[in-house]
Amino acid sequence: MRATVSDLPLVLDGVSLQAGATTILDRLSLSITPGAPTLIVGPNGSGKTSLLRLLMGLTAPTAGRVSWGGRSESKPVRRAILFQRPVMLRRTAAANVAYALAQAGTPRSERAVRVAALLERVGLFDLAQRPARRLSGGEQQRLALARALARDPEILLLDEPTASLDPAATRGVEEIVLMAAQSGIKIVMASHDLGQVRRLAGEVMFMVRGCLRERAPTAAFLDHPTTPEAAAFLRGDLVI
Amino acid sequence: MSDQLSAWQLILTGDAALFAIVWLSLAVSLSAVALAALIGMPLGALVALTRFPGRSVLVVLLNAMMGLPPVVVGLAVYLLLSRSGPLGSMGILFTPTAMIIAQTILIVPIIAALTRQTIEDLWAEYRDELTAMDVSQAGRIATLLWDARFSLLTALLAGFGRAAAEVGAVMIVGGNIDGFTRTMTTAVALETSKGNLPLAMGLGLVLVAIVLAINAAAWGTRVWSERQAS
Amino acid sequence: MACRLTSLASALVFGILAGLAPAGAQDRSIVVASTTSTQDSGLFGHLLPLFKARTGIEVKVIAQGTGQALDTARRGDADVVFVHAKAQEEKFVADGFGVKRFDVMYNDFVLIGPKSDPAGVRGKDIETALKAIQAKAAPFVSRGDKSGTHSAELALWKLAGVDIAATKGPWYREIGQGMGPALNTAAAMNGYVLADRGTWISFKNRGELEIAVEGDNRLFNQYGLILVNPAKFPSVKKELGQTFIDWLVSTEGRAAIAGYKIAGQQLFFPNAEKKGS
């Protein structure tokens, strides 16, 4: 079943998102295809989180059209999302992963093996029986990653997953993300950390005030931004 | 129970009739809580998760029904179960089963209303995550109920407190039959009407002690299991 | 997880329901709708174990006022009624709800009042006493619940020539409850109250109350027994109910009634010799 359905390319066609009089996303048209990780950068409030929610299908656009592999129904079959502050279900780490596997339709008989493999993959094997809510922030993010990977996604959306983590925990999360990317999962990740962009990104989407201002390969974006806003952002100026 | 004895003497001497009354009270009220939980928790969770016309009316109604007068519920169940009523052929009026039914009706709104509030708050936190995992409606309800289990214990205790304390409904549908449908509360009412105020007060204190013990046990269980798997 | 919790709860419920359920067809028990006076006086606590030892039949007593007890039976929710308001009982039989009425026993009513006797009724006959209470507007507690005692009280006011419905004032308190609560209320407000002697003798919370008027033959209180009509309600346990009635009017049953005493005082007097009326 999974092999026959694909969510890629993920296409936005003239998509806008309004909340009352406020424009959150403004006429975005873009296409996401398999390949190296895409990092969405931009100042706070530029619409990164809203864009990710739209890509996931959690929010419907007020104008324009979103399609996954040519389909406009939004059932999240082969995509997963990692929220900035993921919700830990009140059960053990292993049970959190088992829950995600069950929701993804993994047969009961295969779950135990896959739980162990996923926990191993995110480095939480030894904490399998620990209640998820008593894990540290970095461990919780890694557990959420294991849950996301349990869906066997084709595209993985991440919303600043390391925003509140220390460098060691950040490295743990980035390693898992890179491994996922190498295994062929399309990564779309919001970040405000230019170092992280350098370490992970294949291409960059730069957003300001709900508009996509620039989209370029990482090196080109970092070295030769084509818009004054991007140049200012890269200099560390406040972009309003 | 001999009227000459005080409640404390009855306890100390292990009076069989007193223990039968305590057992019946607990059996009836705990059964009613269990049944009401089976009905009220999924109902409360369903109301928390769904949006439909008239929903706020239902929410207000559920909250208001937490204050259902026990005698009114008792009377309604009595009329239903009476031989002259629609369910009379079941022949369960004046039995513990009838008392369980009446108390269940009495506490379903309490458990449903408190569950709705708890689940609605938790749903605000879980909505994105569960939607992203494509969890079905039934799955959402089960997940939220399970993850709210420690908070929902409070709803169960509120229901139990109400069931154990009420006298109006069990008196009407049970009939306060000695050795068969006499509970702690109807025994207190009876001893009061016999002018046996010390014994009535003593029985009342026994009831309070039992309710206190059950709440303490539930609280202890909650603290212990939260430590095990929060 | 959630499903385990559910099955645990249902196991609990059904286990308890099974444990509490009556034994079904084999169930040798009857429901008797009776009055608070027979229960609160302790008479049933004395009689029923004797009856059960003799016949193996369990009697479940619902103690209500006479009016309510007859209503319960009128709905088919009792097998036998055991009450004390002859006129109401005869109407019950005449309306086809009961098979036949049997006299079973009597006791008498007593007028209870505070030791201070503000209306000065001690030792008077009941007619004079009630007139005095009304004239002095001394506190009087009425059952007000259509019970046998309430019916008797209303009949006595009529006998005394007092139109209670028209003349009652704040001194006349209708509480709408059983004999015990009426006595509790009278004790609390030092009022007069009409009570059956059985409940009075066994009543504990007397406070300043004592008997003010007794022995007047108009205070006679007859109890009757009626089998609910099985033709009207097929659920009525005809044989078991009739066995109970037969036993109460038999020599053995009469001896059991006469044998119930509190502090050496006999509470009820069997008079079943007169056959059913």
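Letters A, B and C mark the chains in the order given here, with residues in each chain numbered from 1 onward.
Operating definition for what follows: a contact is a pair of C-beta atoms (placed from the backbone, for glycine too) under 8 Å apart; a residue touches a chain by one contact, two chains touch by 3 or more.
On a predicted model such as this, the values are computed, not experimentally measured, just so you know.
K.L.:
Based on which chains touch which, is the overall arrangement a line, ring, star, complete graph, or other?
P.N.:
If you draw each chain as a dot and join those that touch, you get an open line.
K.L.:
Where the centre of all protein Cα atoms falls, which chain's Cα centre is nearest to that point?
P.N.:
Closest to the centre of all protein C-alpha atoms: chain B.
K.L.:
Could you please state the distance in Å, as a whole number, between where the Cα atoms of subunit A are centred and where those of subunit C are centred?
P.N.:
That pair's centroid distance is 78 Å.
K.L.:
Averaging only over C-alpha atoms, locate the centres of subunit A and subunit B and give their separation in whole Å.
P.N.:
46
K.L.:
Could you work out how far the Cα centre of subunit B sits from that of subunit C, in whole Å?
P.N.:
A distance of 32 Å separates the two centres.
K.L.:
Which residues belonging to subunit A are in contact with no fewer than two other chains?
P.N.:
91
K.L.:
Enumerate the residues of subunit C that touch no fewer than two other chains.
P.N.:
Where subunit C meets two or more other chains at a single residue, that happens at 1.
K.L.:
Show the residues in subunit B shared as contacts by 2 or more other chains, in ascending order.
P.N.:
143, 146, 149
K.L.:
In their shared complex, at which residues does subunit A touch subunit B?
P.N.:
Subunit A reaches subunit B through residues 53, 56, 58, 75-77, 80-81, 83, 86-87, 89-92, 99-100, 103-104, 131, 133-134, 147, 151.
K.L.:
Could you list, by residue number, the parts of subunit B that touch subunit A in their complex?
P.N.:
Residues 125-126, 128-129, 131-135, 139, 143, 146-147, 149-150, 228-230 of subunit B touch subunit A in their complex.
K.L.:
Name, in rising order, each residue of subunit B that touches subunit C in their complex.
P.N.:
Of all residues in subunit B, those touching subunit C are 3, 24, 27-28, 30-31, 34-35, 37-38, 82-85, 88-89, 91, 93-97, 100, 142-143, 145-146, 149, 175-178, 180-181, 190, 192-197.
K.L.:
Mind listing the subunit C positions that touch subunit B in their complex?
P.N.:
1-3, 5-6, 9-10, 12-13, 16-17, 19-22, 31, 36, 39-40, 42, 44-45, 48, 58, 60-63, 75-77, 177-181, 183-184, 187, 202-206, 233, 235
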